[in-house]
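What follows is a pair of complexes built around chain A, which joins chain B in one and chain C in the other.
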Partner chain A sequence: MLKCTINGKEVQVKAGATIIEAYMEAKENIAHYCWHPGLSIAGVCRMCMVEIEGNPRLQIACNTKVAEGMKINNTSAKVKESVEWTLGFHLINHPLDCPICDQAGECGLQEYYMSYGKYNPGMAEQKVKKNKVVDLGSKIVLDSERCILCDRCVRFTSEVSKTNEFGIFNRGDHAEIGTVDGMPVENNYALNVVDICPVGALTSKDFRFKQRVWYLKEFETVCNGCSTGCNIKVHFNENGLYRVKPVHNEAVNGYWMCDQGRDLYKFANKEFRQIKATKNENGHVVTLSAGAAAKEVGAMLNKSSGLALVLTGQYTSEEYNSILSYAKNLSAEIYYWKNNPESWDEFDGILYRGDHNPNTKGLELELSSAGIKAKDLKDLYSAIESGKVKTVVVAAPEVQKNYENLEEVFNKLNKADQLIWLTSGRNDLFEKANYVIPMKSFTEKKGTFVNHKGIEQKISKGVTIVSESLSLSEIVELFKGNDLVGFNIPTYERPQLLGGV
Partner chain B sequence: MEVKLLTEHYDKPEFKNIEGYKKHGGYEMLKKAFKMKPKEIIEEVKASGLRGRGGAGFPTGMKWSFLPDNGETRYLLCNADEGEPGTFKDRMMMEKAPHQLIEGMIISAYAVNSTKSYIYIRGEYTQSIRTIEKAIKEAYEAGYLGKNILGSGFSHDMDVYSGAGAYICGEETGLISSLEGKKGQPKLKPPFPAVQGYLEKPTIVNNVETLAAVKYIIRDGAAAYKKYGTEKSAGTKLFSVSGDVVKPGNYEVPLGYSLKDLIEKECGGLKPGRKLKAVIPGGSSAPVLNAEESYRATMDYECLAQMGSMLGSGAVIIIDDSRCMVDLLNVILHFYHHESCGQCTPCREGTGWLEKIVTSIMSGRGRPQDIDLLDTVAQNMKGRTICALSDAAALPTISFVQKFRDEFEYYVREGRSKVTGKQLRRHNNRGHHAEMHH
Partner chain C sequence: MFQLSADGKKKVQEYLKRYETKRSAIIPALYIAQQENGGWVSPDVVKHLSEVMELPMTHINEVLTFYTMFNKKPVGRHHIQICTNVSCSMAGGHDLADYLCERLGVVDGEMTKDGRFTISRAECLGSCDTAPVIQINIDDYIENVDKAKLDQLVNQLK
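Moving on to the complex of A and B:
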């Protein structure tokens, strides 16, 4: 460990740490564009200038290593003038089109302008003209005039996604970001470059012009797209969810997430959701409230024999806990619906895993702690045919597109006398079931996902999109005939079977 | 007085060929060097006081001793990307005395224990490339290159690499990037090339003139070499004199030589009826000297540094009273704007801005505040980037504005040159928008 002084604050950093890392450690502000903790050092934006005691020349903090006893500041007039001017250089050829720029409100140029700028630039010359609205495929649009050539996107595609689409073409003030022959950027991590672009040069086609960022709130949770469980933040307002961005977690996803995961917020939005419960009375579909439907179903389950419960790895551990103890009391058989388990071990080497369930580990943990050996769906088909199973309750997958055999499974299970389909997502197919009850999406409930490594992560309740939707824990209470007034999700204690991570 | 070490045989056409070169003692110094230990050669070079002739003037022996002793492959790169405006000494050496460079390089490679070297030649120098390639071939055939040279046990391979015309590839890490097949852009330092250079291996980059001089240090010994020049600037130096003199050309004189003598004795003085206005003593990136300073200056690292300029590559540009300084600055700025690699923000944006301001002044659209603006912009480009190209645009700007402010003021006020009386550029950098602004 090395001791150094950052703006008068003494901090300790690891040997080999750079000054900018020491600034992060000291939680002191330091302007920077090209430096990113998840990428190599470029040292080109020249914003992170610091003054080191005993050195007459200002140094960049990102490429200068801390030495024992170093006294560093970025608050002196000399440093401030340097940063102010470098920011000025960034801005002289910038189009200043904030009113029509998607980045406005979360733009590095705006941010530092407010802390260092507010000067008269003195620039009276014609600005350099560059390419605008460059189509980089289905995901990204490039505006070269806004680009500050920080090189982050180039380094990301070379070091993280290893797809090498981006490069800087030409030189001097005609240099531009681009792809070879305008090749589209379609890799599964492409949208990370939109996140790390400090300005409005790279924008997401999905989010573009949809919403001003200052009208958005955010909450942090865990992605439900695969068993990696990337930490994410979801941006929303009263009209629904708008976008998903990664949150840094070194143990899980580093600074990144995949584009597949970014798309999943759409399935939590109203247009894709089961809004009310439905009941199918001999082909005639009636709509009713979720609570009423759950109580009717609960009364029915209490009386029926030959009960089967089908689970998927898409719910929280708390929910499994509640429903498994309920099912045990009713002596229901438990079945495990796995979608293509043969590809579960697949991994793209970065983040994306073949097991598209966020809580496979959590489900398996709960099953073994309850002493239940779940059966395969095939056994259920034969049990239905033989008449052994008459009533089937299915906790259906939230992300329907990840369950390719959804329709086939539904039709087979619908051969049972009674099919109760619990689902957050809407699908015309489901109306054939005896009951369809709207469930909460992962953005609407608290709980625990256990990822492929066994890391337990809390998801958080961000925003309610479907007011009647229920969690499995809540539906169990209603099945039992209880009311939800004053109902709290039972506190979850991790079963001691697998041990800690 | 000229002292001819490196240029002694420039006038003999046969010196280009290996046979002619050998007639004048060619490759004898290689034999002498092989009788020495590599360490002894490094010590000899250190003792000679030889400093890098490419521009920075860093002590050569010291640069060599930075190589880490880790058993990794070492590369020797000869920087022949002579791009500094005004400089043409390396080209002449490659074309008149190619074997002198090759011999100097083999000796240097032996000293730093490098088995592979490249001569990175400026792309426009097609004749130099042809001459050097032919000379390397001859050296291989004569056994001065290749395996076990002259039975010494030392093997060395040498190749030519042609640049593609970018000034920035003359910066040593830019050269390395280019040689690696990447875009010619300087690299962050640290790590320095001696530790991690070409292909991330320890690498020495030396200028053509530096490497050739090594041969003469071996021939005459450090003490004899050090007799030329001054205490801190030892040896002879090639100066490429251009501009308003009667006999422009390459002149080899001892360092510390009077600039006045160089102009008047070697170059035949100014053209008839003309008065000296200014001298750029070390290539276009060096701050300009006015006439009074020029007549006091001696051509060594220390004197020119003291005057706020630099010896640089030894390109001496003589400017007489018929030249408009605003126009000259515009030419210089156009060059650096065009050649900025664009990595570092202050240089990428600042070089273009400076040129545009001067162009606006020259098209009669100057504003009084533009003169101070030139200085402020330049001051804030200085010392804030990875390499020295930003400084190369900033330093001339600062010195031109400071020393010839009256010409800039006149241009802004009258809309035409104080010297020529003409408006020299037609350009509309400041369109309608700017008019409205001010």
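Moving on to the complex of A and C:
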């Protein structure tokens, strides 16, 4: 460890750490555009200037290593003046776009201008015009006039996604960010460049012009797109969810997430949701409240024999725990609906895994701690056919698009006398079930997902989108005939297992 | 589709081995390919080099667009670059360029209709002591140029 002083604060850093890392350690502000902790060092934006005691020249903090006893500051007049000039140069060819720029409100240029603006820029020259509204495929729009050539997108696509789409072409003040012949950027990690672009040069097609960012609030949770369980933050307001960004977690996803996962917030929004419960009485569909439907179903389950419960890896461990003990009491058989199990072990080498469930591990843990060996869906089909199973309750997948055989499974299970379909997402198909009950999306409940490595991660209730929707734990209470007033989700304790999963 | 000649390919492969990183071989490879492609680097050339060198097209395009010595548009059989940097301008470089453009009926950087010439102005060609200087294609230098020499040249070059 090395000791150094950052703006008067003493901090300790690992040998080999750079000055900017010491700033992060000290939680002191330092202007920077090109440095990103998840990428290699470029040292091109020159914003991170610091003064080191005994050194006559200012140095860049991102590419200077800390030495024992260094006294460093970025608060002196000398540093401030230098950063003002650097920012002034960055802005020479920058268009006056803020009113129509999607980045406004979270823009590095706006942010630093508040502390380092020249406010009376001395540029008499014409601005160099570059390409605007460049369509880079289905995800990204580029405005190269706004780019400050920080090289982050170039390094991301060369070091992380390894797809090499972005490059800096031409030279001097004609230097311009782009792709070869405007080649689209379609890799599964493309939208990370929109996150790390410090200005409004790269914007997301999905989010562009939907909301001004200052109208959005955020909460943190875990992506439900695959068994990696990337940590994310969801941006929302009273009209719903708008976008998702990754949250750093070194043990799980580093600084990034994939675009597949980034898109899933949509399925939590109202237009994709089952809003009310429905009941199918001989082909006639009636709508009822979720609570009433759950109580009716509960009463029915109490009386019936030949019960089957179907589970998917898309719910929280707490929910599995509640529903499994309920099912045990009713002597229901447990079946496990796996989507594409043959590709569960696939991995793209970055983050995205072939198991498109957030909590496969959690489900398996709960099953084995309850001493249950879940059966295959095929067994259920024959049990329905033979009349052994009469009533089927299905905790259906939240992300329907990851269950390609959804329709086929639904139709086969619907041959049972009674099919109770618990779902957060809407689908016209479902109305044929005897009961459809709206469930909470992963953004509306708290609980635990256990990722592929066995890391337990908490998801939190960030929003309420469908007010009647239920979690499996809540529905169990209603099935039992209890009320939800004062009901708290039991706290999660990881089951102690002999032998493991 | 552009393809390097067998000889060109061999040279590129040698350059790839010469440097610590493959990217360092991009400049010499572009030179070889430009010459084989009639004096300019087309998108096809970039694609082919990217395959031969096993480098992303992006890296090749970055180098290509950085240097003015690579032509991104077709050029005439004789690419005449007239130096207009300090010494040569003082010795009349701009006048020579204007003269030649007028005589051939083209503007800077434009190719004559018959495909014989492209005229462009260049920065210092490193031969200030014999200003004004012109360069034809890759390696022909003509020193102490005047209008008479230019006329002679235009008549000679086919």
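The rule we apply is simple: the second predicted complex is superposed on the first by the 496 of 501 C-alpha atoms of A that agree within 3 Å, B and C clash if a C-alpha of one lies under 4 Å from a C-alpha of the other, contacts with A are read in each partner's own complex, and residues count from 1 in each chain.
The rule we apply is simple: a contact is a pair of C-beta atoms (placed from the backbone, for glycine too) under 8 Å apart; a residue touches a chain by one contact, two chains touch by 3 or more.
Given the structure is predicted, the values throughout are model-derived calculations rather than measurements.
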item	value
Chain B versus chain C as contact partner of A:Gly122, first or second or both or neither	first
First (chain B), second (chain C), both or neither touched by A:Phe166	second
In the superposition, chain B vs chain C on chain A residues touched	B
Touching partner for A:Glu408 - first (chain B), second (chain C), both, neither	neither
Touched partner set for A:Asp417, first chain B, second chain C, both or neither	neither
Contacts of A:Phe89 with chain B and chain C, given as first, second, both or neither	first
Touching partner for A:Val180 - first (chain B), second (chain C), both, neither	second
Common ground on chain A, meaning residues reached by chain C in one complex and by chain B in the other	168, 170-171
Residues of chain A defined as touching chain B within the complex	41-47, 49, 57-58, 63, 81-82, 85-86, 88-90, 92-93, 122-126, 128, 148-149, 151, 168, 170-175
Residues of chain C touching chain A in the complex	43, 46, 56-59, 61-62, 65-67
Residues of chain B defined as touching chain A within the complex	166, 168, 183, 188, 190, 337-346, 348-353, 356-357, 360, 367, 369, 373, 380-381, 383-386, 428-431, 434, 437-438
Chain C partner contacts - residues on chain A that touch it in the complex	158, 164-171, 179-181, 183
